[in-house]
Amino acid sequence: MKKDFIDFNDMSMEEWDRLYALCEDIIEHKDRYKRVCEGKILATPFFEPSTRTFFSFQSAMIRLGGNYIEFSDYNTSSVSKGENLKDTIKTIANYADIIAMRHPVEGAATAAALYSKIPVINAGDGGHLHPTQTLTDLVTIKRKKGTLSGFKIGICGDLLNGRTVHSLIKALSRFKNNEFILISTKELRVPSYITDFLNKHNQKFKEVYSLDDCISELDILYMTRIQRERFSSIEEYNRQANVYKLDTNKLSRARKDLIVMHPLPKVDEITYDADEDKRCIYFDQAEYGMYIRMALIMTLIENNEMKKGEPVGPFMKGKKKCSNEKCITVKEPYLDCLVKVSESGKTLCAYCDHEIVE
Amino acid sequence: MKKDFIDFNDMSMEEWDRLYALCEDIIEHKDRYKRVCEGKILATPFFEPSTRTFFSFQSAMIRLGGNYIEFSDYNTSSVSKGENLKDTIKTIANYADIIAMRHPVEGAATAAALYSKIPVINAGDGGHLHPTQTLTDLVTIKRKKGTLSGFKIGICGDLLNGRTVHSLIKALSRFKNNEFILISTKELRVPSYITDFLNKHNQKFKEVYSLDDCISELDILYMTRIQRERFSSIEEYNRQANVYKLDTNKLSRARKDLIVMHPLPKVDEITYDADEDKRCIYFDQAEYGMYIRMALIMTLIENNEMKKGEPVGPFMKGKKKCSNEKCITVKEPYLDCLVKVSESGKTLCAYCDHEIVE
Amino acid sequence: MKKDFIDFNDMSMEEWDRLYALCEDIIEHKDRYKRVCEGKILATPFFEPSTRTFFSFQSAMIRLGGNYIEFSDYNTSSVSKGENLKDTIKTIANYADIIAMRHPVEGAATAAALYSKIPVINAGDGGHLHPTQTLTDLVTIKRKKGTLSGFKIGICGDLLNGRTVHSLIKALSRFKNNEFILISTKELRVPSYITDFLNKHNQKFKEVYSLDDCISELDILYMTRIQRERFSSIEEYNRQANVYKLDTNKLSRARKDLIVMHPLPKVDEITYDADEDKRCIYFDQAEYGMYIRMALIMTLIENNEMKKGEPVGPFMKGKKKCSNEKCITVKEPYLDCLVKVSESGKTLCAYCDHEIVE
């Protein structure tokens, strides 16, 4: 197993099965786990705020009997004195037993993993990945529906900018017979690399405009927030937002066993009365997020203490700098140019997964 | 017993007696309590800062063997992404075992209690209530004076804006033979609803201008901060502030067994030399605040785990929105219009206690 | 032993030896110490940010089985409501078992110690002292080199403004046969009171301009950050900074058993490739910092609980206010004028150590 948890795809199906089994056991027998991380420290360097992920990780560690240290402010840390990420991570790795890191720059988690002697969990690296959200989503589906296969999954809202959504699509494609209904405006469709991915993996999917038209056929509806700023004007927003708003009217046509998921926080994409519907299970989803993080923290610490953690990678030395201007290699110039090869034979930046054309 | 602790008046005298007895036992036998909340989590969502209340709750939870999660910043939380209070509370309730919440808006604690599956402690909701301060004050008097009855209690300073003072007056009226000496400028007198309350409950009280004139007859002197902004001009402040400043000269005429209390923080309403007087016991008061919070946290968690907590209320559906513009129902429009009936038969907003004229 | 830890020089050689022995035992047998501070609370009031010191103290306390409470924000605390330091400390002392305090004003730690019933650790008071950094440095040298005597120690960079450096020089002068090579620009030389001190204590030292010229003779190289603002112009900085930059070229001429230390965070005073050299042991140094803080916290709490802590001082009443405008007595006017007598018979401010000319 890897030392770190950077990307859900780094985890084999066996590792996922084991992690899920542990998560279930934690849910069923909470008391058995309340001291397994006694005396252990989770460091939560969050280089951008995310209250909910923060709380989830900290609660998870406390419920394992451990404790946490945290950045208390985003502008006042050593970082603002000009320290590089490598030094920050090497220092923290001396104090803690595991790191859950949030960073606004793509590939930062991989960079941290390269320099950390303790496990690094990617708690979000810019627009790139947020794999513990993916774990949360999978656990929720499995707990609520019994399996991860054979579903019609509607994903609704901003499909262009949502890393959560992209990761979920990729993850669910590893299970059998799922079909994706991608519901969005023309401007907020999934990027072409996702449709390429779906085609390549022979996944059934369709792209539709109206939530109303497809809601009755769905097993799972995954809602996301559409930010006003994504629309060309406020008029355009007002005109279209309603199409994606979940209300009791739409819900009345949905299956009785539908589950409505949401990564939270939500704003107004679900109306107040729809919010009361039993099929809306996003607060349970948040709770499962804590349990799967408990399973993850416990597994990674154990793995590292038994010196069984494999390093991130395998990567090779690249010949050319990554051209993605949001990549961590731009901000942290001492980082080696590292690459990996994608399934389809492309050369990708080892940090941010952007293709490197040589 | 109620699931939540929103208002001291929701607590019966029996419940208060039991809570006080537990608090005394904690003070006498600290070691017996150091693991009773092992593995439990206190969430401290503070939507406005209050270092001292924050510290007091966190210390209380640690001394019970539990731990805490906290908002680390008031501007960077999910709240600033537009999430409503209901969602924030429902999420936190999944991570923690009890919530101590501070919020700038009146009635926010009741709103939170309606949506939380775990107990909510009101750690201050705007200018409305701050009931753990009231508990602190009562414990202090009882510990220092042996009883809560039969005292002449001077309350000095800003009596108009101090929720602490209003709550204390109401609370002490539940005990026998107390007399209130309300010491303030004309502009900062207690609001009429407090004098109405005192009259209605046949409480002895008088309103006076000068601390000097009455200090010799007091058993208890409760000092509060007068903010400069409360005066019409800086000259006016300078002219009057001295009348309310406690100095060694005034103290020399006070009883030997006087106790001087203060909710803290103080600024210059007590002179440096008066501060050294043994009768000034406000730092002990702060310490008692931690012990009574330990008793409260422990009691509410136990009560909730045994499914014995009664919901806030009883409330009825109201016909009209609360007209108090500082009420939480204004900021959080999905909240039901709920009302309750006061002792004197008036219809009050269930959240902020303002009268609703129908 | 003193109740507080304000200045390394307040510690006798015997006390240092005992503390170091405890630190070594902690490093060797971490598990034996993981519950010694169970139920105890470290308060970390940091009146200015310092992520790394913060983390180090908190980790130390957690690894002893204790917990911490912290200021979550520097602008929103009670302090900004105008509360004085004395009240803040007296309140915190009710909640916690030990305080590690960081403050931007010189002498603040001594002021706090005067009013605290629990031990105060000085985690940095303005430009005055930072004694747990000194402990960290000494432990690092002793662990890496076996002793604290007989070394040629190069100290490089900003020697004028670095309290870390001044404390280290004084501390190492208490051990035998050390020689100091003080490497800096003319503008950033050590202040004259340090050279006076070295002369008075018959310490061997020389002041040199070039790191290149002396690196080959050093046993220990202590690097510090030179802030750009210290130079008259950016051109001047660019011209000189290179002289003090540690690179592989300079390292190639250094001894095989050299150790390179740094208080961290560093910026660009050590090049990326030099950073990989095994002789650069500053991340180990950071780790030792945590262990010696564990030893210190444990020792002071034990000492205080057995009522064996001697108060700060001895001090005498002074006749004149301290003239150092950065002294805590300026900001907190209720503080008594206290003085002490230096080795050389001068009258010094008891808080900030500035000479008081009477």
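Letters A, B and C name the chains as they come in the text, with residue numbers starting at 1 for each one.
In this section, a contact is a pair of C-beta atoms (placed from the backbone, for glycine too) under 8 Å apart; a residue touches a chain by one contact, two chains touch by 3 or more.
A quick note: this is a predicted structure, and the numbers were derived from the prediction, not measured.
If the chains shown are joined wherever they touch, the resulting network links each chain directly to all the rest. Where chain B touches chain C, the two copies mostly use different residue numbers: shared numbers make up under half of all numbers in play. If you average the Cα atoms of chain B and of chain C, the two centres end up 41 Å apart. Counting only residues that touch two or more partner chains, chain A has 67, 71-73. Put simply, chain C touches chain B in their complex at residues 38-39, 41, 43, 67, 69, 71-73, 76-79, 81-83, 87-88, 90-92, 94-96, 334. Contact residues on chain C toward chain A in their complex (touch as defined above): 34, 49, 51-52, 54-56, 58-59, 62-63, 65, 67, 70-74, 264-268, 272, 283-284, 286-287, 290.
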